[in-house]
Amino acid sequence: MDSLTWIAVASIVMAGLTTGFGTMGPALAEGRAVSVALTSLAQQPDASATITRTLFVGLAMIESMAIYCFVVSMILIFANPFWNAAIASVAQAAGK
Amino acid sequence: MDSLTWIAVASIVMAGLTTGFGTMGPALAEGRAVSVALTSLAQQPDASATITRTLFVGLAMIESMAIYCFVVSMILIFANPFWNAAIASVAQAAGK
Amino acid sequence: MDSLTWIAVASIVMAGLTTGFGTMGPALAEGRAVSVALTSLAQQPDASATITRTLFVGLAMIESMAIYCFVVSMILIFANPFWNAAIASVAQAAGK
Amino acid sequence: MDSLTWIAVASIVMAGLTTGFGTMGPALAEGRAVSVALTSLAQQPDASATITRTLFVGLAMIESMAIYCFVVSMILIFANPFWNAAIASVAQAAGK
Amino acid sequence: MDSLTWIAVASIVMAGLTTGFGTMGPALAEGRAVSVALTSLAQQPDASATITRTLFVGLAMIESMAIYCFVVSMILIFANPFWNAAIASVAQAAGK
Amino acid sequence: MDSLTWIAVASIVMAGLTTGFGTMGPALAEGRAVSVALTSLAQQPDASATITRTLFVGLAMIESMAIYCFVVSMILIFANPFWNAAIASVAQAAGK
Amino acid sequence: MDSLTWIAVASIVMAGLTTGFGTMGPALAEGRAVSVALTSLAQQPDASATITRTLFVGLAMIESMAIYCFVVSMILIFANPFWNAAIASVAQAAGK
Amino acid sequence: MDSLTWIAVASIVMAGLTTGFGTMGPALAEGRAVSVALTSLAQQPDASATITRTLFVGLAMIESMAIYCFVVSMILIFANPFWNAAIASVAQAAGK
Amino acid sequence: MDSLTWIAVASIVMAGLTTGFGTMGPALAEGRAVSVALTSLAQQPDASATITRTLFVGLAMIESMAIYCFVVSMILIFANPFWNAAIASVAQAAGK
Amino acid sequence: MDSLTWIAVASIVMAGLTTGFGTMGPALAEGRAVSVALTSLAQQPDASATITRTLFVGLAMIESMAIYCFVVSMILIFANPFWNAAIASVAQAAGK
Amino acid sequence: MDSLTWIAVASIVMAGLTTGFGTMGPALAEGRAVSVALTSLAQQPDASATITRTLFVGLAMIESMAIYCFVVSMILIFANPFWNAAIASVAQAAGK
Amino acid sequence: MDSLTWIAVASIVMAGLTTGFGTMGPALAEGRAVSVALTSLAQQPDASATITRTLFVGLAMIESMAIYCFVVSMILIFANPFWNAAIASVAQAAGK
Amino acid sequence: MDSLTWIAVASIVMAGLTTGFGTMGPALAEGRAVSVALTSLAQQPDASATITRTLFVGLAMIESMAIYCFVVSMILIFANPFWNAAIASVAQAAGK
Amino acid sequence: MDSLTWIAVASIVMAGLTTGFGTMGPALAEGRAVSVALTSLAQQPDASATITRTLFVGLAMIESMAIYCFVVSMILIFANPFWNAAIASVAQAAGK
């Protein structure tokens, strides 16, 4: 197994793990926030404007963390500096 | 085991893991959101419009995370840049 | 153990794991949703139309995740691009 | 250990795991749904028709997941494409 | 360790695991269902016919999963196609 | 370590594990069922006939799972087809 | 490490594990049953005959599982067929 | 590491584990039973005779499991048939 | 596997893990904070100014921890001093 | 690593583990029993004689399990029959 | 793998782990503190000055622990004495 | 690694583990007991003499387990019979 | 890998682990203490002096444990006696 | 890796683990005790003298366990008899 393969395998594994497991926390957190919003709406329908607004701000902040994970996965697959360096070094060796 | 095989195995394993485990969080979160929506509907049937609307926005945001996972799996199976690079390098070696 | 065997073993293992474990989250979530629907029906029988409708939308969204897992398993068993590539390469080597 | 053996062992192991563990989620979910149905029946005997109907729809959807797992196990034992390919390749080698 | 032994060991291990662990989920689920049935009977003795009927349908569906596990164990011990194939291949080699 | 030893060791290990761990689920489930039966009896002594009957049916169904595990252990120790096949093959080799 | 030693070590390890861990489930279950019996007695002293009778039946069924585990341990230590077969085979080899 | 040493090490390890972990379940169960007995006594001092009697029967049955574990440990340390057989075989070899 | 590859693989793995798992705690914490804010708003709409202000300060402090994790990931991918030192040392060796 | 060392290491490890982990269950159980005794005393000061007596009997039975663990540790350190046998066999070898 | 690489890899791994996991405790703790502050504000708006002050002191103390973790990570990446010593020793060897 | 080193390493590791983990159970138990004592004091200040006395007896019994762990650690570090035997045997070998 | 490197790697790993995980317990404990303080303040604003004083004493004692962990980490990084001894021994060897 | 290094590494690892994990139990226990003390103070401000006194005694006893852990860590780092013996033996070997 040469260097290129090791880097490719590590990138594939981490891209999957980061997205696959990293969305668990935000998903549960959003599920909780949405649930409580629904309870609050049923309990106090008059405050629905404030509740909805606060809910969306909160969901946005929680969603931001899932997006960090997705961004790291995408960087690892499509813009991986270690892979680029390894490819360049192989090309350089071949061009000699 | 050559490089191609390693990359293929890693892609297969992570495609399965990412979808298989990555849907656990969103599934539980949606189950919770739906449950609470049903309780709220039973408790306050008059607010059903607001509750249903908020529920669907929430489900959409949670579902988005399961879709991130599914997308990463599909990328790993059908549009894997590391696999393409390895195939190209093998073809190039054979074409020499 | 040659390349074909490694890919076959990895596909078998992940097909089982993805379906076997990936249905745990949706199953628990559906169990929760159904339970709460029953409680709500017992508590507010008049709202049964709204409750049933919301329940079925929710179950459909949760079931979709179990189906993602099943689809990934089926792709790994019956439409695995890595396996096809490996078979083709073996056939090509034999045809030379 | 040759290729055939590896594939056989992997199939045996995953057939057992997929059924053995994959029924845990649905079993717990059905246990919960049945329990709540019984509570609801005791609490609101008049709504027993609606409750029973909703319960059976729910149980059917949850049972479907256990059946996905059982189907994957049966495919791995009795209709395994990788095993068939390996057997065919061995027969072909012997027939040469 | 030859092929026959590997297959035998894997079958023994999975037969035990599948039954040993696969009955945990159904057992807990049945325990829950029975418990709630008893509570409901104590609370609403008049509905005992409906409660008992629903309980038995539920227990049957949950028991079905434990039986899937037991069936897979028995198939692995007494009707294992991989073992049969391996035995046949050994006999064929000896008969040559 | 020859084939016979491997099969013996695997059988011993799985016989212990299957009984040792497989009784945990049923034991907890029976503990729960019995506990709730006692609570129900204390709460509604008049329904003791129905409660006791339902409890015994439930305990029988749960106990059946512990017995599946015990049966598998006994099969692995005293009626193991793989062990018999291995013993037969050794005897045959010695009788040649 | 010869065959005899492997079988002895496996038997020792599983005898300990089966009893050591297999009593955890029954112990917790009995603790629960006894606790609830005490609560019920304090709450409804008049029903003490029925409660005590039901408790003893329940304890007997739960204790039966701990005894399965103990029996398996004793079989593994004092009536192990694999050990006997191995001892016999060694004696036979020595007697030749 | 010869056979004797392996058997000795395995016996030492399992003697410790069986007692060390096997007392956890009974200890927790007894703690629960005693706690509930104290609550019941505080709540219904008049029934103290029945409560104390039931408590002692329950403690005896739970303690019996801790004693199974201790007995297995003592057998493994002081009356281990595998160790005796190994010692005898060594002595026999030396006496030749 | 040379030094460069080891450092690249370790950086890829930790970048993924740090972001993927490090966002779990903050996500759950924000989910909790948002949920309670919604409950409080529904319960005391008059105090919405104070509640919203305190919520945003709290979210900012919790978010700061997710950002620590993301920063560490970015440093490991794009400004890794160990990688730079290794690259420099390789370049120096090549320039000699 | 000779036999003596293996036995010494195993004894040291198990002596620590048995006491270190084996006291966890009894400690938690005693903590629970003491806590409930305090609650009961505060709730029913008149029954303090009965409560205290029952508490001490219970503590004694729970403490007995911690003492089993400590005894096993001490046996393993100071009265280990395997160690004595090994020492004797070394001395005998040296005395020849 | 030479010494420099080992130290680099260990530093990278621990820098990620320390920040990635070390923020979990403080994050959950802050989430709890903020949640309770919001509940208290909704319940007793008059005490908002005292509540807010106590909250900020508490958040500061909890945040301090997350900062310990971040500081250790930064020390490991940018001011690692072991790395500096290793670099110096390599430079010294090269300068000889 | 010679015998002395193995014994030293094992003793160091177990001394740390026994104290480090073995204090967890007693610490949690004491925390529980103290907490409940405080609640009881606040609820029934008149019974403070009985409560305090019972608390101290309980704390003493729980503390005794932490002290068992500490004693085992100290024995392993400062009065380890296996280490003494090994040292003596080395000295004897050197003195020959 | 020579001695120096092993000691450096171990020190780096433990410095990170000790701080990274060791702050989890204190963080959760402080979060709990602060939360309860806020609830108490909202419930009994008149006792704020006593509550605040007790809170700060408690936080100080809990913080002390996080500081023990940080101190151990700092000792391992900057005042490690084993590292110093190893450096000294290397210098002495070089100076010979 | 020679003996000195093994002992150094083991001491470093255990010093970190003992303090890092061993403070978790006491920290959580103190957090609980402080929390309950605050609740009790808010509920019964008149008993503050007794509550505070009992709290401090309890904290002292819990803190004592954290201090055991810290003491063991310090002994392992600065007064390790195994390290001293190893150093002495090396010095003796060098002085010969």
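Read from first to last, the chains carry the letters A, B, C, D, E, F, G, H, I, J, K, L, M and N; within each, the first residue is number 1.
The criterion applied here is as follows: contacts are C-beta pairs under 8 Å (C-beta built on N, C-alpha and C of every residue); 3 or more make two chains touch, one makes a residue touch a chain.
None of these values were measured; they are calculated from a predicted model.
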Practice problem: Measure off the straight-line distance from the CA centroid of chain J to the CA centroid of chain M, and report it in whole Å. | Solution: 31
Quiz item: With chain centres defined as C-alpha means, what is the inter-centre distance between chain D and chain K in Å?
Solution: 45
Quiz item: Counting in whole Å, what is the centre-to-centre distance of chain A and chain E, each centre being its mean C-alpha position?
Solution: 39
Quiz prompt | Residue list for chain D, restricted to those that touch at least two other chains | solution = 1, 11, 13, 15, 17, 19, 21, 24-26, 28, 30-33, 35-37, 39, 41, 43, 55, 59, 66, 73
Practice problem: Please categorise the chain-chain contact pattern as a line, ring, star, complete graph or other. | Solution: ring
Quiz item: Round the ring, starting at chain B and heading to chain C first, what is the chain order?
Solution: B, C, D, E, F, G, H, J, L, N, M, K, I, A
Quiz item: Residues of chain B touching chain C in their complex?
Solution: 1-2, 4-5, 8-9, 11-13, 15-17, 19-21, 23-28, 30-39, 41-43, 45, 48, 52, 55, 59, 63, 66, 70, 73, 77-78, 83, 87
Exercise. Give every residue of chain F touching chain E within the complex, in rising order.
Key: 1, 3, 6-7, 10-11, 13-15, 17-19, 21-22, 24-26, 28-33, 35-37, 39-41, 43-44, 46-47, 50-51, 54-55, 58-59, 61-62, 64-66, 68-69, 72-73, 75-76, 80-82, 85-86
